[in-house]
Amino acid sequence: MVKNLYIILVLVGLGFMFYTFADGFESADKLNPVAERYAKQGPDEVGAANLVTAVVVTYRGLDTLGEVTILFLSAAIVAFFLKVTYGEEEKRQTRSVSEIMQTAARLLTPAVFLLGIYVFINGHLTPGGGFQGGAIIASGLVLMLLAKPNMKVSHTLIHVVESISGLAFVFIGVLGILYAGGFLDNSLMGMGTLGSLLSAGVIPLIYIFVGLKVGAELSNIVAHLQESQNEA
Amino acid sequence: MENIGLENIALFSGLILSLVGLWGLLTQKNIIKMIVGFALLDTGIHLIMIAVGYVKNSTAPIIGEGVTKANAADVIADPIPQALVLTAIVIGLGITALMLAYAVKMHQKKKSLDINHYKDLKW
Amino acid sequence: MSEEQNINQNNEPKEDKFLAEENKIRLVTGPDGKQFQVNPLDDYFCDKRPQVVAPKNKIIEKFLNWARAESLWVLGFGTGCGSIEIPPLLSPRFDAFRYGVQMRPTPRQSSVLIISGYLAVKTLKRAIRTYEQMQSPKYVMALGSCTINGGMYYDSYNTINRVDQYLPVDVYVAGCMPRPEALLAGFVKLKERIKAGNAEGANEYAEKFDWYKANQKKIIKNWNMPDYNW
Amino acid sequence: MVGPIYIIAIALGLAFLLGFFKKLNANIAQTFMMAGVGAMSFISVQWLFGHLAGMVTETVTYTAGFKPPFSISLQMGAMEAGVTSMINIFGFLGGVYLWRKLKEMGLNAIIIYMVTLMGLNVIVLTRDLFNLFVFLEVSTIGIVGLILLERGVNTISSGFKYLVAGGVISSFMLIGTIMIYKYAGSLYINDIITSNIAATKGGMVALFLLLIAVILELKPFPANGWALDVYESANSGISAFLSAGFATAMLFVLYKLMPMFPIEWQAMVAVVGGITFIGANLLGIRQKNAQRLLGYSSAGQMGLLTAVIGLSSYLNEQFIFILVTILLGHYLAKAGLFWLAGIVKEKEINSWSLLRREPLLVVLFGVFILTLLGMPPFPSFFGKWELIMKLAAGGQTTWILAILIGSFLEAVYLFKWFGYVLKGENEGLPVLQIKPEKIISPVVFATVSVMAGYYAGSLLGETNFAFYIPLMFIAAIGLLEFLPAFVKNTFAIAGMGYLAYTTLPGLFETDLLRFIFMGIFILGGILTLFAGYYYKGKRQGFYPSALIMFAGLAGIIQAETLLQFFFSWELMTIGSYFLIIRGKRSMTHGFSYMLFSLAGAYAILAAFGMVDAQVGNMLSALGGVTSHATLIFALLAIGFMTKTATLGLHIWLPGAHAEAESDVSPMVSAILLKAGVFGLLLTFFGMGAESAGNSSILYVLGWLGAITALVGNLAASFQEDAKRLLAYSSIGQLGYILFAYAMATQLGWIGGFLYVINHFAFKAILFLTIGAVVLRVKTHNMYEMGGLIKRMPLAFIAALIGIIALSGVPPLSGFAGKWFFYNAVILKGWYFQGAVVFFAGVIAFLYSYRILQTVFLGQLKDEHRHVKEIPLTFLIPIYILVIGIMIFSMYTHWVLEPITQYLTAYFPSDPVHWDGAAATTSLGYWNGTWVMYIIGIMFVLILGWLLWLNAKATKVKQFNMVFSGERPFTPETTHMAHNMYAGYNKALGFITAPGITTFWNKVAEFVTDAAGFIRRIYTGNGQTYAFHIVAYIVIIYFMIF
Amino acid sequence: MNDIIIKLLWTLLGLFIVLNWGMLMGASMRKIVARVAHRRGIPIYQPWLDLIKLYAKRTSISHGVMFYLGPVFRLGGGVGIFLFLPLIYGSEYWSNFSWAGDLVLILYFQFFGMLGMALGAGEGGHPNSVIGITRGLSQFTTVEIPLTLAVISLALQYNTLSITEIVAAQQGGVQNWTLFTNPVATVAGMLSLLGALRHAPFNLVKAPNEVPIGPPTEYHSAFLGVLRTNGAVLHVVEAALFMNLFFGGATNWAEFIIKTFLIYFWSVFVGVVHPRFRIEQSVVWFLKIPLAIGVLAVILYI
């Protein structure tokens, strides 16, 4: 218990440290120069109505690439870590899934997938984007798995989707170096009209791939975690 | 303190949430609970990030209703923290997934989720 | 006690039941791992026979004998009960120093061996060794009747009767025990013998070595050593 | 130039591409991966060469076509090029090393490996704070994945601990980053540097959080338990990755971010680093597990580098050099050692003796250990040197002390380990299986280490090519290890001969002092090497070690700058360590030798630092020192006295000399000890005795020398081991020499020189003789010998002459020493010290007699009845020395007169007057030649007389002695040898009570106990480790705010 | 060259005188001891007879080369000291070869003989000899200390280490002797002399029956003769050394004889009235009072 006392003490100290952030914290009245430039130039330079998307995909595209990489890595590690040992699934006892659940899942899954796709295709226009869309797609998979615990997910499909989208992302990035201002330069394709679906250069393209990739990877993780229970 | 705004609430709750998360991480012996603590910590930080990006009386940085290219710079919130938080969430997700995978594997190895049972290496 | 009972020196049977353990032939491993035999009697002891050393020309020898006679270094070993009579010699009352008599603790430096009484078999061995380790010219003086004919122990199982069967005695001092005065008289006698050139006991011992040795070995069964102790 | 962005593109593209072919043949996949890593290496290396050649300048690559701060940019400067090259080359070689393992673990492992490597590259290159964070997470996650190459429960739990700790750290980093953004309005590092965000409290805290997170990633003591577990349990290739790759990148991050932080925090960074350096190395002392030990060492090295970064303001223009060389040393060594750990597969360091079955591995191990420790000729040596020099120039004495203490602690466990490798028991250990791909990488790194050392040295402009010729010669000999010993011996002697030919004539013209010492070193070397012809077989390792030592010795003499001197000094120490440790039971002794030597070397280093700060780096400028002269003097004296084994610092000597091989003992005793003397002389010559401080130190040294002589001689008298006796005698003799030089008068120094030459000659004779006898009789114990004069008369004569020279009996040269001593002592006024020295001189008779009596006289033992005379290869050098000593005794003035003239420059008063062979002082006179004649004639006359008298003496054997009418029992019971001076021991034995040994043992015990106590903070509980991290942050926060 | 030969002849004559005086002195000392014990004691010519007898022994044995060389070294040591010691002050003939070395040479030349004796005894193989030697060496180590200090004190006093000059400084009357000018050093030196001459209480080395006579246990015949010769020479030259150092030297033989006799008598005198020390006792004894006196002697002249 003395240990807990120490922890409390340390956390109180930490709180004290954090308090300096909170103390006199005030939101800025206006944007800082960087953000201001994004706000002013962004729509023209990037062509995305959603400025967050502009930042995420173009201005800080390398971050996004890293982000994708992290997901990719996590998926790879989980896959590599939780090697599934097939053949023992008979032993696994699963609770029977309720009828309501199964029916609802059957009904909702396509809708969820559709929503996910919508979200990432419109990433440059509305709140949302590749990650969000991908997550929605993966949640659709979770729903399926909840309904059918013994379902086998096609890893090959997932990998193909994952790899193609990942490669495409990098490829677009490299094209940016070759034909535009730099890695992941948005201006590879025409800007289009602000606010229309086919605008914002390569952003929709990238977001499609990111969405597919994120969806595939998250599905992959979920599937592996689920399957790993087969392992004794 | 009369002008406690949204951002202050977000910041405070973010800070407190991270402390709570840390507390959980540091005191809970169950590995799953530790991971939950970590998730809380993460979430708290995300809140802080969002709070930082807030500009007084601003709106979402999406050009559309009420936001035009011309006035965007004056009315929108800072888009950068929002972009960052997106990344941070994904990173947190990745780490959490890994932690869970580890937890699964550790449980498989020792049939225990008590962190105290994994002290074979020390000194 | 006849001459034919000569014991040859090197043809002794190797297995001697009286041979002490440490004097037996043993197999030893050298530091380089090679094995070889060590025969202590050969390797650790010199087995040369004593040689007769003829006196030098008369005049020089006369002078030297005078010096020898006046410088009698007595070995301070007590071989028998008579040794109790020796210490008083050095006391103020008798003061043997006056006659050039001095005590030495080691046979190497001494010229006179005093057999101070009967010799037990065990003691005989020591006495012989000691005598042999002295450097010639060397003299033996025997005290008391026991050394002459066994005295009261003439029939004892463990004492020898006549010392001159085993060692060349120069002077006998009679009495049981002879008093220090008698000892002094003995020294005077010995001096006279030396000065006269008659005290050639060492040469006699070397000459009749085989005879002496045979006598000695008859008494001492576990000789355990080369014949002559250098 | 291929842009750095392609590093990312190639890695990720390949990674995603490989994911495509899930069922691809692992070999092909891995080939792709290696090709990718190769391409990454190529990109960074071409940039590095571009920078080195001055073809390119610092280049910034923008992404997304916007300039920073609006987009993320990658900067490829010289440092970045270097660090990424290091990381990528490591990645490539590590990939080679892990080939089999990765293939076995499948495609995912291959992908993770490559992506992790890419992450590290981006960490280095990026100029965006958040991007840094993202790719740091990429690397962290990647490493967590790579940890899983091993699947033991310990590995997995340690991976979890790592994950938790990494998560906590990155949380703080994230808070810091976002808060910095809030206050700076930008994430571009250059912007943050220029913006003054530290002005606000919040900004400060934000910066603090970022800094502390970066520092925590460098595993600072004590908040580093989480990383140690990983080091211990992960695959060795991955531990290497963590240590050489990840840590390197993180260190660069710290370097990169440093300008962001307030300048006052540098001190904090330095302190944190310093504590880590000392703390981690302290705990390493108790560690038995090889990989965990390396983990501690890794943390320690990072601590040192952190400290270097924190101290950058003192290091000025040399900062980068220091950082890079030390980092390079760490990088090469740690990777190499972890790789070796994977080859050995033994956890416990004392099982590493099985490394000995493969000489190549031993060499590699040695290279890495020495690289890690900063020994010459490896790069970190120059880094540490410059570090100390600059710190000294900045007046940072405490820092010098801290760094030297840390280095010393590091040396303790590294050399303990080295000892196990070289000498540990390797019976019953499993067979060493070396896969070809595992050996390539260590070999490459070891080679790079050597080359980098040369390059670093030439960057300093101090070590010219000629300095490396001996080393190259040694390397050549090292390559000829397969040849039989006598061939190598011939080469070695030829090399020494060449050295003599090139150096001696020149020195004779210019500098008598150096000529004498060089003569001793070279002549002694040749003679002792000659004895080596005795040994059959290959004698692996002997010649390189011996030649390293001699190269060091020659280097000391020839050195002109402080660095050259120190370089050679360390070289000599290493070589002699290898030589000493060759003995059968010499592991512990070699170990303590090394520790004392290193401690001494560090004292010298510290002193040199102060000298360099004042008068520059020339050895000859020593005299110009003005401030702290006394401290410098004392430090130098202490440093050199560890080599001369002065009382208090002597405990290594007896064992080391006694247990060494027969021809090594004279090398280390007769020759090596003189190096310490030479050092002392340089100090005394250079700094003089004029100042009050120095002369009071000299006074202390005088007493110390006298007492050393007394205790050394007394202890020698009580030894049962012949070589140990000689070893203690060396202590005593070196005590005389110290005393003589401490007098700092002309007479004293003439005496000192005389003793130096004399001790060289007779100790070489004695050690060679006794060593050869030991070779013949296979025991050191004198009471097991005896009577050997019958078997080895020539050895006896040599020993007798040696002993006469030693004990100072006229007419041999030892007496000349005594004569000069008497005169010097009285003229100097050191009466009581002098009396102690003379007392010691008389005590020398006790052991002199003892060794002659118990070895050569008395009773020959059964087993030795057939031993042969000592080998001819020993006899020849011995008799050359014997003749030498005779000539020297007879014509002492041939040597002493020039010395007197030489010294007149320093002591103009000139109290000695030479007239032919006769020396005259104001006190007296002495004519060595006549004394020799007179004694010789007299001796011959008396001998003739006795021969005439005793011509016919019967030759008897050993038992023909008076034994009170009895006969001796056995030779053993008749040989009076054991506990020979029982009565003397009763009277004065208390002086030799091992108080000093006990003292040092207690010190060692205390240190290890402290380590054992402190390391209990590493409970093994991942939660506790996380708590440590948080507590560390909070504590440091409250300390600096 | 002629000079040297003449010198040599004079030196031989000196040696002869010293040898005979040594034996005579030894005999008289034994007479004195006898008188103390109420005996008449040996005839005064006894040492010569003993010597003749020893040289005239008919047989002898040898244990080896060093056994042979031991006595040579031993006598060489004694004669060597004699050679380097000026006997009569002011006489060129009797100053021997003292120009080749000085006090230090003589101090260290003592070891020459000791070493030889030790080696010879060792070659003899007898454990008792070695025991005797170890005792002798042990004792000698501390015996030297007061002497060393006394010599340092003298060197300070006279500012020279040359015996001739030390003697020269003491000329011109009794009051100039070191005995009076530096009594403390003299005391230290004379105490040291007790140990050097090895009379009781410092004669455990030669304990006659415990370790039969110690080092020379195995020596006999001419070997012993040589040793005894040396004993006679050495006692005189040691006494002469002390005479030169502390008692004004000698300007003629008569003075020489009287002074050496008295100096030697001092050790006999002490020996007659004292029992024997164990070795560790004697070692420690010299480290107490004589050492303190020696230190005092130096302190007084600093």
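Each chain gets a letter, A, B, C, D and E, in the order it is written, and its residues are counted from 1.
To be clear about the criterion, a contact is a pair of C-beta atoms (placed from the backbone, for glycine too) under 8 Å apart; a residue touches a chain by one contact, two chains touch by 3 or more.
Predicted, not measured: the structure shown is a model, and the values here were computed from it.
Undergrad: Hop across touching chains from chain B and tell me the fewest hops that reach chain E.
TA: Minimum number of steps from chain B to chain E: 2.
Undergrad: What chains touch chain B and also chain C?
TA: D
Undergrad: Greatest Cα-centroid separation from chain B: which chain?
TA: C
Undergrad: Which chain is the middle one, judged by CA centres?
TA: Looking at where each chain's C-alpha mean falls, the closest to the middle is D.
Undergrad: Measuring between mean CA coordinates, which chain is farthest from chain A?
TA: C
Undergrad: What are the two chains with the most C-beta pairs touching?
TA: D-E
Undergrad: Distance-wise, how many Å sit between the C-alpha centres of chain A and chain B, to the nearest whole number?
TA: 15
Undergrad: Between chain C and chain E, what's the gap in Å when you average each chain's C-alpha atoms?
TA: So the centroids are 36 Å from each other.
Undergrad: If you average the CA atoms of chain C and of chain D, how many Å lie between those two points?
TA: Distance between chain centres, rounded to whole Å: 69 Å.
Undergrad: When the centre of a chain is set as the mean of its C-alpha atoms, what distance in Å lies between chain B and chain D?
TA: The mean C-alpha positions of chain B and chain D differ by 50 Å.
Undergrad: Which chain C residues sit where two or more other chains touch them?
TA: As it turns out, chain C has residues touching two or more other chains at 106, 108, 230.
Undergrad: List, in ascending order, every residue of chain E touching at least 2 other chains.
TA: 59-61, 212, 217-218, 221, in rising order.
Undergrad: Among the residues of chain B, pick out those that touch two or more other chains and give their numbers.
TA: Residue numbers touching two or more other chains: 18, 22, 26-27, 48, 80, 84, 87, 91, 94-95, 98, 102, 105.
Undergrad: Spell out all pairs of chains that touch, sorted by label.
TA: Applying the touch rule to all chain pairs gives A-B, A-D, B-D, C-D, C-E, D-E.
Undergrad: Report the residues of chain D in contact with chain C in the complex, numbered from low to high.
TA: Touching chain C from chain D are residues 776-779, 862-867, 954-960, 962, 964-971.
Undergrad: Give every residue of chain B touching chain A within the complex, in rising order.
TA: 5, 7-8, 11-12, 15, 18-19, 22-23, 26-27, 48, 51, 54-56, 60-64, 69, 72-74, 76, 78-80, 82-84, 86-87, 89-91, 93-95, 97-98, 100-102, 104-105, 108
Undergrad: Please give the residue numbers of chain D that touch chain E in the complex, ascending.
TA: On the chain D side, the touching residues are 787, 789-790, 793, 796, 800, 803-804, 807-810, 815, 818-819, 822-823, 825-826, 829, 831-832, 834-835, 838-839, 842-843, 845-846, 848-849, 852-853, 857-859, 922-927, 930-931, 934-935, 938-939, 942-943, 945-947, 949-950, 952-956, 958-962, 964, 974-977, 980-981, 983-984, 986-988.
Undergrad: Could you pull out which chain E residues touch chain C in their complex?
TA: Chain E reaches chain C through residues 34, 37-43, 46, 49-50, 52-53, 56-61, 208-209, 212-213, 216-221, 224.
Undergrad: In their complex, what parts of chain D are in touch with chain B?
TA: Those residues of chain D that touch chain B are 130, 134, 137, 141, 144-145, 153-154, 156-161, 163-164, 166-168, 170-171, 174-175, 178-179, 181-182, 187, 225, 228-229, 232-233, 286-287, 292, 1015-1016, 1018-1023, 1026-1027, 1030.
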